[in-house]
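Before anything else, here is the set of structures, which you'll find just below.
In what comes next, chain A is part of two complexes: it sits with chain B in the first one and with chain C in the second one.
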Partner chain A sequence: MSRTIIIGGGPAGMSAAVEIARAGGDAIIIDSNPRLGGQYWRHGTDAKFSHDGERFFALQDEISRHPEIEIRGGSQVWRASYQDGVASVWLNDGTSLASETLLIATGAYDRSLPFPGWDLPGSMTAGGAQALLKASGALLGRAVFVAGTGPFLLPVAASLVEAGVKVLGVLEANRVNGWINHLGAVDFSKMKDAARYFKILATAKVPIRIGYAIIEARGDGRVEEVVIAKVDRHFAVKPGSIEVHKCDAIATGWGFTPDLTLAHSLGVTTDIDAIDRSVVVHVDAFQETSQHGVFAAGESTGVGGVDLALIEGRVAGIAIAVQRGLISTMDAKNRSVGLAQERSRIRKFAQALLSVYKIREGWRSWLHPETIICRCEEVTFAQVRNVVHDLGASDVRTAKLLSRCGMGMCQGRVCGRIVADVVGAEIGRSATDDELRGIHNRPIAHPISLATLAKQGQ
Partner chain B sequence: MKTADVVVIGAGVVGSSCALIMAEAGLKVIVVDRGPIAGGTTGAGEGNIMVSDKEIVPEIELAVRSRDAWFEIADRIGNNFELHAKGGIALSRTDSGMAGLRKLAAHQSAHGIETIEVDGARLRELEPHMNPEIETAIHYPGDGQCQPMLSAAYFLRTVRHLKGEVWQRTEVLGFSKDKDGAITGVRTAREEISTRYVVNATGTWAGDIARLAGSELSIMPRRGFILVTTPAPRLIHHKVYDADYVANVASDSPELQSSAVVEGTESGTILIGASRERIGFDSRMNMAALERLAKQAISVFPVLSKLELLRVYHGFRPYSPDHLPVIGEDANVKGLFHCAGHEGAGIGTAPGSGELLTAMILGKPTFMDATPFLPSRFQGVA
Partner chain C sequence: MKVFVNGAEIEATESENVGTFLLKRRQQVLRMTRFEGNPRGMFCGIGVCFDCIVTIDGIANQRACITQLREGMRIEVTS
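Now for the complex of A and B:
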């Protein structure tokens, strides 16, 4: 059997690789970043960490001790397919790989919501602001608001404070209580991390406002001020609560959504999450998908944070070792003690968090007719409404093709879900399960040079 | 029960052209489609309005009239569908290929198509990025392009404004007939429509509707892939194609055929076609087709090697046994009119086809002799 292909060098991919290596197997980890760590342990060359560096270094050290684990960093999978029990991936350097075992550990990306001015320079996603800081130490502004929903807003705000940014406020749109209690278990392994963020924010006198949202950003060519409002439990603006504040940047985060582009290409069965209707890979107790030999771990099976990703990666790695005949099932059982229980505990908790930090439908009332919905193609809310009400688009696909919404460079990664929800609302129904799955249908997962493609056949 | 003068089955560009022209002629039209607007082959095309690739006289006549009709429609209802006369360039790099192109151009020219043979210097003016090894080509100023989905959507919008109706997501279940076997109504999933005339504009699926009505029609799918590049500043100004393309269109081979058809779009992306395969409704990606298209396109425009492939889509061209469209009344079922089988030319020849059908239904003279398109050429009369 050929070596296991692991797509994604984040926590799930790294922990799976370690288990495969411990069982005496070989694997290749493919990641678009030059370095291991994924989004969660994203770092520059100096490997500075604001959190949780010990676990990363432990995994990285163990992987580096196993020469049979190859790391193909800075490499993008632009296409994947599955046929007759073999999974194949094509890389942007023109090479391709095939194996009977493959792990989908492609992680998640930020969910965005559009609002008037979200496309101005100076407006970023929370994940984007943090990635910028981690990768290059660059700051998105000097006086910044952090807004949206979810426990992830706190570490982002804290790291901005530590980098010398004046954080003018952290706005959590959902009416959450006991924020700190949620933090430790899902996004970070230790409660003391959460406490540290609060301490950093308290010391810097950063106001944390629950039930508030940025509903508009304004400025001449870049963000100069924001409109903040108190929102009700459905995210509708409470009358009389509008405030306008000066600032030079904003970071907004609305949780995460799994990146299922390659999973879709591999033809694995997917589920629709009951709470946030994200598309997630369906896996069995061994993290195996509906396609024999194709496994999935981490956020692709449902957003659950680093601890869950590490456990799912281990379970998948052990199961792959069994499938490849490297270890016996008895041996696998010994290696898996406690993993299943821990996985189920964290999953339950992740689901609870998801319902607390759910995106409520009232966000659509923040939109103005001229608000850009699709940034790549600069399609406005009014244009999307027009193709539904004037041109008769009666589903998400037709609305996209008539308005060009989601047809640009990002191929709907940013706006796919937004368009599905907006079009659904305009035609008076929710996006169907198949429409949600369709968001991830990208046979070309990443742009590939035509020159490379042309050479492939030679 | 609803009543209509005509029920058009199919909300693609062919069906919506028929519906538009009939509604403008004062007929009460209901368009019925089991899916959304432009959900079939229309939504998977390049929007070709080509006269340059037509060889047979009736096809040339239909294409030339249709091209003019496109611009007349734009004048009447507004050009909201990116219609423009960008012009086409057909090239060949072999002497025999060029000789064939010249012969075709002379023939086309005799039938009203403007053709201009251009030398290398002129070619560089028309397309500065074209491979300098290409030294001669035929320029067709009359070739045009539109955005096909927007076209269908705006045609149907006009139909609605003319008191017509568009029923999306409504399956046709069967037909009612009188004692002589003539159509009296269409049974749909929504309700029955009383009508004497039905237009079958369901493209690749036209055989199914014919069978449902108790007749038969052979329309088959021919798969094609289109590569879409990342957006770039305008590099390519015409629809540029390798002359092999014309030979491929006329070919009967089921094997993968491909020859570069390259053009820019208003959104900045560049479209690269055209592959042809007869493998039924198979929607799996064919890497060989993609690689060949990329290679062939780069050989015409070396600058493309600097661009990236952003996405790929595919569609199924509806073709008839003799590669001509089927336009006219069914030989076996009175009142059932077919308008299908336009293969890769359905966008371009839709308005002319709609005019022919409208004239046939109204009993008026047609702008050309439509005999070569009649379904009776395949259908044994029962």
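Now for the complex of A and C:
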């Protein structure tokens, strides 16, 4: 059997690789980043971490002790396919790989909501602001607001403060007062993290405003001020609550979207999450997908954070070792003690978080007719409405074809879900499961040059 | 190492990505959009959104946020 292909060198991919190596197997980890760690452990050449670096170094050290684990960093998979029990991937350096076992550990990226001015320079995703900082200490601005929803806003704001950025406010749109008190009961380690972030923010006198949102960013060619407002339980603006503040950048985040492009190409069955309706890879107890030999771990099976990704990666790695005949099922059981229970506990916690930090439909009331919906193709809210009401588009696909929404260079990664929700609202129904799945259909995952294509044709 | 931004030679001290390198030099705007001519900069920071595309060594549409600086690299930014 060929060595296992692991797509993604984040927590899930790293922990799977370690289990495969412990079982005496070989694997190749492919990641677009030059270094291992994924988004969670993103770092520069000096590998500094504000916290939680120990687990990364433990995994990295173990991987480096196993020469049978190859790391192909700075490499992107632009195409994947599955046929007759063999998964194949094509890389942007013109090479391709095939194996009977493959792990999808492609992670997730920020889910964004559009608002007037979100396309101005200086407006970034929360994860983007964090990534700049982690990769090389670059700051998105000097005086910034952090806004959106979710527990991720706190570490982003805290790390910006630590880097010397003046954080003018953290705006959490959901009513989470009181919820934070339950955190400890569910997950004590998360409570400790949260307490650390609150302490950093309190020391820097950063206002944390619950039930507030950025509803507009303004400026001449870049973000110069923001409009913030108090929002109700459905995210609709409360009359009379509008404030305007000067700032030079904003970081907004609304949870995460699992990256399912390659999963879709591999033809695996997907589920629609019951709470946030995101598309996730369907896996069995061994993290195996509907395609024999293709496994998935981490955010691609549902956003659950680093602890869940590490466990799912281990479960997948052990199951791959069994499938490759490297270890017995008895041996696998011994290596998996406690993993299933821990996975189930964290998944429940993740689902609870999702329901507290859910995106409520009132965000659409922040849109102006000229607000950009599709950043790539510069399609406005008015144009999307137009294709539904004047051109008669009655489904998401037709609306996209007529408006070009989601058909630009990012292939709907940023606006796919937004368009599905906006079009759904305009035609008076929710996006269907198949419309949501269609968002992730990108036969060519990343642009490649004709030269690369020609090389691969040889 | 030396890199060139719009023809101007700039000394780069460390290997980092083109996006953070430019941001540290106050280059927030990386391109103008092709229909409306509006300025854009980095948005997702992780190679997902294609908003930070610049021309590198004559090849258009390269994502600044995931492209590592290389000795002698020529970066073209429109602003």
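Throughout what follows, the second predicted complex is superposed on the first by the 443 of 458 C-alpha atoms of A that agree within 3 Å, B and C clash if a C-alpha of one lies under 4 Å from a C-alpha of the other, contacts with A are read in each partner's own complex, and residues count from 1 in each chain.
Methods note: contacts are C-beta pairs under 8 Å (C-beta built on N, C-alpha and C of every residue); 3 or more make two chains touch, one makes a residue touch a chain.
Just so it is clear, the structure is predicted and the values come from calculations on it, not from any experiment.
Contacts of A:206 after superposition: neither chain B nor chain C is touched.
When the two complexes are overlaid on their common chain A, residue A:81 makes contact with chain B while staying clear of chain C. Of the two partner chains placed by superposition, only chain C is touched by A:39; chain B is not. Touched residues of chain A were counted for both chain B and chain C, and C has more of them.
Of the two partner chains, chain B is the only one touched by A:387; chain C is not. By the document's definition of touching, of the two partners only chain C reaches A:123; chain B does not.
Contact with both chain B and chain C is seen for A:409 once the two complexes are overlaid on the shared chain. Applying the stated contact rule after C-alpha superposition, one finds that A:398 touches chain B and leaves chain C untouched.
Once the two complexes are overlaid on the shared chain, A:447 sits against chain B and chain C alike. In the three-chain superposition model, chain A touches both chain B and chain C at residues 377, 408-409, 447, 449. Listing the residues of chain B that touch chain A in their complex gives 36-39, 43, 149-150, 153-154, 156-157, 160, 166, 168-169, 227, 229-231, 267, 285, 287-288, 290-292, 294-295, 297-298, 304-312. Residue ranges on chain A touching chain B, taken from their complex, read 79, 81, 377, 387, 390-395, 397-398, 401-402, 404, 407-409, 411, 442-444, 447-451, 453-454, 456-457. Those residues of chain C whose C-beta lies close enough to touch chain A in the complex are 14-17, 19-21, 23-24, 28-30, 33, 35-36, 38-51, 53, 59, 61, 65-66, 68.
Across the interface of their complex, chain C is touched by residues 32-34, 39, 44-45, 74, 109-110, 119-125, 127-132, 135-140, 221-222, 259, 375-378, 408-410, 413-414, 447, 449 of chain A.
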